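Chain naming follows the written order as A, B, C, D and E, and within any one chain the residues start at number 1.
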Amino acid sequence: MPSEPTAETLLDVRDITVSFDGFKAITNLSLQVPRGSLRVLIGPNGAGKSTLLDTIIGKVRPERGEVRFGGQVISRLPEHRIAGLGICRKFQAPGVLEGLTVRENLLLTARRNKGVLGILKAPSAAEHARADELLRLTGLTARADIPAGSLAHGEKQWLEIGMVVAADPELLLLDEPTAGMTAQETAQTAALIHTLAGRHTVLVIDHDMHFVELLKAPITVLHQGQVFREGNLETLRADPEVMEIYLGRPKEAV
Amino acid sequence: MLKLENVTAAYGQSPVLFGIDLEVRDAEAVTLIGRNGVGKTTLLRAITGLHPLTGGAVRLNGAQVEREAAFTRARQGLAYVPQGRGLFGHLTVEENLRMGLPALSGRAAATRAVPDLVYDLFPICRDMGSRKAGNLSGGQQQQVAIGRALVTQPRYLLLDEPTEGIQPSIVQEIEAALTRIRTELRVAVLLVEQYLDFAWSFADRYYVMQKGRVVETGQTADTPTHAVQRYLGV
Amino acid sequence: MTPGVQSGPVPGAGRARVPAVVLATGAVLVALAFAPLYLGAYPLALLGRVLALSIAAIGVSVVWGRTGILSLGQGLFFGLGGYALAMHLKLTATPKGELPDFMVYNGVEKLPWFWAPFASAPFALAMVLVLPAAAAGLVAWLMFRRRITGVYVSIITQALLLAFVTWLNGSQGLTSGTNGITDYQRFLGIDLRGPNVAHGLYWLTLLVVAAALGGTAWLLRTPFGQVLTAIRDNENRTRFLGFNPAAFKIAAFMLGGLLAGVSGALYTVHLGTISPAMIGVAFSIELVVWVALGGRASLVGAAGGLVLGQLAKDRISSAAPDAWLYVMGALFVLVVLVMPQGVAGVIARRRAPAPSVPASSPVTREVSDAV
Amino acid sequence: QSTVKVGVLHSLTGTMAISEITVANAAQLAIDEINAKGGVMGKKIEVVKEDGASDWPTFATKAEKLLTQDKVATVFGGWTSASRKSMLPVFEKNGGLLFYPVQFEGNECSPNIIYTGAQPNQQALPALEWALGKGYKKIFLLGSDYVYPRTANLILKKHITDMKATLSGEEYVALGGTEFSSVINKIKAAKPDVIINTLNGDSNVSFFKQYQAAGYSAKTLPVISFSIAEQEAQAIGTQLLDGQYATWNYFQSLPNAANKKFVAAYQAKYGKNAAITDPMAHAYMDVYLWKAAVEKAKSFDPMAVRKAIVGVSMDSPLGKITVDANGSLTQAVYTGVSGAGGQFKVVAQSKGVVAPQPYDKLAFPGKTCP
Amino acid sequence: MDLTFLSGQLFTGLSVASILLLAALGLALSFGLMRVINMAHGEFLMAGGYLTYLAAQWAGPNFLWLAFPLAFVGAGLLGAVMEFTVIRRLYGRPLDTLLATFGISLILQQAARQLFGSTGVPVTAPAWLSGALNVGDVTLPYVRLFVIALALIVLGAMWWLLNRSRFGMHVRAVNQNREMAAALGVNTRALDLLVFALGAGIAGVAGVGLALIAPVNPTVGAAYIVNAFLVVVVGGVGSVLGGAVAAVLLGFITALAEGLTSVSLAQAILLVVVVAFLQWKPRGLFPTQSRALEDA
């Protein structure tokens, strides 16, 4: 049974079940994330992590249970409305707007009013300044005016992180943000996430334990569509069952 | 032996590879590292025949293949596991594996079946055999993609960031599997990887790319990973 | 910005070139404005007609080139605009107290209810705008609400158009069927056969073309245009960024429908008739092909492609009627093969060689959760 | 030697090309004959040929081109009523003259058009009378869904009631329609004595194939067609049509001397098996009528020609024809039965010639040409 | 409406369904799998019709034995040429294939017009097909039964080929990820050529069936093309069985609408019903769906 959420609970996943053609990807899963916190989600491939994010953003609909955001039930809302409430996700496979330039990607994401009429206004100087800052942050300044479609894989990753930040959502969902990044970039990403936490609520999925270590945040382990363990990296590394299903031999998990 | 001589390639008008020389000897494991966007993926695609060269030569066992179509190169023992896995989403896992069989055409010795070794190495290929590949999670797909490449009984295996998005225990398994593939099947492996610990523990030699050029090469055993880190910084 | 090349194959390169294209377009429009001075009666009438059609082409460029929705049913909206005006003209041409001639021959005894208000010119003119836009909005709402995309949209719009044409053909008492509505002379008290009307109509048409180009170009320059491009390239991603693709697509589709309707109304006046044959499947496909010829992503390209295509059609079909279909068929094939971005794309590439956006980027498209 | 330009405007491509190309050929034949004999008032006729492309608005634009750019003295062209309707305003606006060679529904009387094809009282009504005379009392009307069949049938229905016969059913199929299962099933349920068929073009092929497959033949249920002539008979397959009827102002088999000459000349030019039809004969004669009127008016001016043509009369492959004041022909009507080689044998004909009535008195009382 | 009429209309539904299916089956390959919107598909039907006519000229009244192979091979070759010269440059650009193939269809129609004349050519069913089976008061023409059987045979063959054969698996793989299939040793170019030609060949065979009940002329293909696409879309693009169910459904709706209202109105009703249906099931009766291809 889900525990009663406290007042600061921003994201409240209540007892959801998600299935695909009879296959249960998530079974009776509950999860609360307090406002302003940073939470890490790990678990074996196929555990249902991405599916959980899919459910939060409305890409898939739970068969049972509901998702609440700031107290409001969102699991029946259309996707753009959910996004409009302040939830933005970075996908596992980078999804940038390929026909627009890198800068346009950032400017568009940063818009507050995303309605058909609201969008007609040209971006303000402040918005341009913000885009420039994000270009610097993601190392894409030199690439600002080429179409995002001709970026390399890793550059798209960075752009997408930039977009998520630009959207300035209350809740950031990052699905494997460091996939394909070098160790140094991974560290930069961790630092970036720390600057975001506090003002934003962040939920990160990753398989890179170095990165997870750097995040220094509470961890939830999913397994077969359910919460398997909660804890910090120390305790989880000591847990033989977690090693068995996920981490593997201790040597690798250093 | 797989050998590249002065390979150049471009996207439209803009060149991305500038005279790459590189070789992978039989049964050797070589890793290719470099920052995002330096052209690693492009290079692998050029070797497989999925991206046209603008100059230079690709040799398989001495024979020049850079004019040949991708499918004939595959039939000569070149297998490719792309970044993003490239599974056939609407086909079942089982069918995806069987899609490795056409590469065996014209090779007399080859048996036309999915080798048991694949199921040994990646049990998921059996367990999820009848699921649509497109519905698997990222890590599951990666395993199927490597398994499928093995079905082609390759002599050269090109892997583009195979650990990306894979859970730690399976990274270990993939490493073990690749090592077995190398030693038992004597397959030469060219591995593009960002995860240096993995690359170094697996490969014999390394190449470092920067802005479309190979800038350094050496034995992994002689070079500590931190010595090449500077090429990967932002 | 250029109504055109900006988001074509070489985005980003657009900004620097803006003045050139605007200047060139302006120069062409000015040259066209003086056409009555140097063109004979028939060439001028022909030019006026194809300029009227080019307004529909601008709409196709917005809907297809920008938003990625290939409608094969633009004839529906073109027809609604045309019929709205033709109904008014027919009523004007009918003596008081009588029914339009075709109704009499079909045994209709009372003016159908939906005909009556068209006796008023302001109402009819309003309907020229409202009917096509509303119909386009409805069709778009039905489709995009249910996330129907790609070729489904093409086939559904074609089916709807065909249903409309079939209904027009089959309802002769109400619509004059295959014959269409014809034989009218006066509009707002002006005799359409009068000596100076031809020039006036031509200038009016040119004015509307210029307004349509300018207005649409402005609209696409705003971030609205970028959202359309984003939807074209990756609709789901756009959705998860907080945009409602359906709303934007409906808006774009309505704009396309509105322009088609205006085009249809003008064309009806130029030709003196509107009939189901004018708005059918072949018309709608041809419209799209001329847009492709000029450059689907470029407003000027689309309009220019239509004008040049239609002029060529007129010339070649007169010179060699038997060969005409071969020429046109071959043109369709060649445009698609050799100039996938149309003439505007070729010009743009000449001016600024730049890396092309891959039609489908091999690395990312097939990935597990391609959003 | 100077020339005079005339326009020939037919569908050379598209669905209607099946019927119109040969009509254009027939006009061309007459023009060639006239040119060979020195032309009209000493001028050779120069043909400007345009393709209406089975597309009504194209007819209008091409007509406009012929009149305003080529400045032709007259135009020979059109087949469907829709194409004529869309050309009409162009001719009226530019003061041109059009010769229209095909049977039609009447209800039109433009001073700028010479209608030489049959008016309803020169084809549809005589056919109905003939059928009733043969004792067929229950009549099924089948047509393509456009203005000619619908209006012709509207008129026929008034007369069916008037003559105390029974309308057993009425069905329309979209132009070009190919599926007749339901229609045949409805016919079967209605049990008529005869079918009056105003299907146009390709649909006839489907209809007769499926009609025969369903076990019908001329013996079990005869069909009288208004748009099937020798050429269509060939395309349908002559055994499918065996024994079925058609009503026209002309059949290729008419025995008069002018026709023998016309058939021989046409087949010499366009192939010895070429079929020759009523609209072709009309188109051929249209050129001669125009020539006669020009010579009578001593002018190529269209309006002068229009005035002069009234009363022009000649012996023709169709028999004797005379242009009425309303711009249509006084001509004879024949009903034929289809036989070997797609030829029709005349089984009935009007007593003498029939004067044209553009407005049917029963269906449209009080309407007349201005 | 009496019982005889009703059973007659039921049979009409089946007849219409068989024709829709025949016209649509080739599209299941070119459109369903290869995503080529082949507007010239109707001209393959047309080619089948003309080849039937030629077969009848050469082989006399019992021409069907020659007509089928001739139409299959002839239309298939036409398809192969078209794939080789045009289509192969357009994979992955479905909307562009629509335009290019529309151009090709114009060319083929005009070519037929100049080769065979615009009037069309006569084809009459062989004598042994000319009778009808009488069940009670209902007449079932042999030609119709023959066409229904033909549709079922072609349907069965295609279903087996695509879903049970290795060839079919390769075809499906290639059309999901052409590059990877090539990298795995599939000669994708040859396969594309073969599949497209096969689709054309099937259309040719369908053309034989159509020639028995419809006209053979330059524009006959155009008469079937829209409905053929509707069948594929309603069935679910990529699903052969879906196409079959859709054809039957549309056939019965047509028969019902034609029975209750008029034949001319029925087509408009059918189109509106189809659009309404797609509101309910936007991806057709049997959608092919998976996580991977939601955007495809």
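Here is the rule we use: contacts are C-beta pairs under 8 Å (C-beta built on N, C-alpha and C of every residue); 3 or more make two chains touch, one makes a residue touch a chain.
Quick caveat, the model's predicted, so the values are computed rather than measured.
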{"item": "Minimum number of chain-to-chain touching steps separating subunit A from subunit D", "value": "2"}
{"item": "From subunit C, the most remote chain by mean C-alpha position", "value": "B"}
{"item": "Chain whose mean Cα position lies farthest from subunit A", "value": "D"}
{"item": "Distance from the mean Cα position of subunit D to that of subunit B, given in whole angstrom", "value": "74"}
{"item": "Mean-CA-position distance for subunit D and subunit C (Å)", "value": "37"}
{"item": "Subunit B and subunit C: spacing of chain centres that average the CA atoms, whole Å", "value": "50"}
{"item": "Of all residues in subunit E, the ones touching two or more other chains", "value": "110, 176-177, 179-180, 262, 264, 267, 291-293"}
{"item": "Shared interface positions of subunit B, touching two or more other chains", "value": "11, 41, 50, 82-84, 86-87, 89, 134-138"}
{"item": "Residue numbers of subunit D (touch at least two other chains)", "value": "13, 145, 172, 174"}
{"item": "Residue ranges of subunit A touching subunit C (in the complex, touch as defined)", "value": "50, 54, 57, 59, 78-81, 83-84, 88-89, 91-101, 104, 107-109, 111, 114-116, 119-123, 145-147, 149-150, 153, 156, 163, 167"}
{"item": "Subunit D residues touching subunit C - in the complex, by the definition given at the top", "value": "12-13, 49-51, 53, 55-57, 60-62, 64-65, 68-69, 80-82, 85-86, 88-90, 93, 105, 107, 145-147, 150-151, 154, 172, 174-175, 364"}
{"item": "Subunit C residues touching subunit A - in the complex, by the definition given at the top", "value": "7, 11-12, 15, 219, 222-224, 226-227, 229-230, 232-234, 236-245, 247-248, 251, 354-355, 357-358, 361, 363-364, 367-371"}
{"item": "Contacting residues of subunit B [partner subunit E, same complex]", "value": "48-50, 69-71, 74-75, 79-80, 82, 86-91, 95-96, 98-105, 132-135, 148, 152"}
{"item": "Residue ranges of subunit C touching subunit D (in the complex, touch as defined)", "value": "40-43, 45-46, 49, 101-102, 104-107, 166, 169-170, 172, 176-180, 182-185, 193, 271-273, 275, 277-278, 282, 314, 317-318, 321-322, 324-325"}
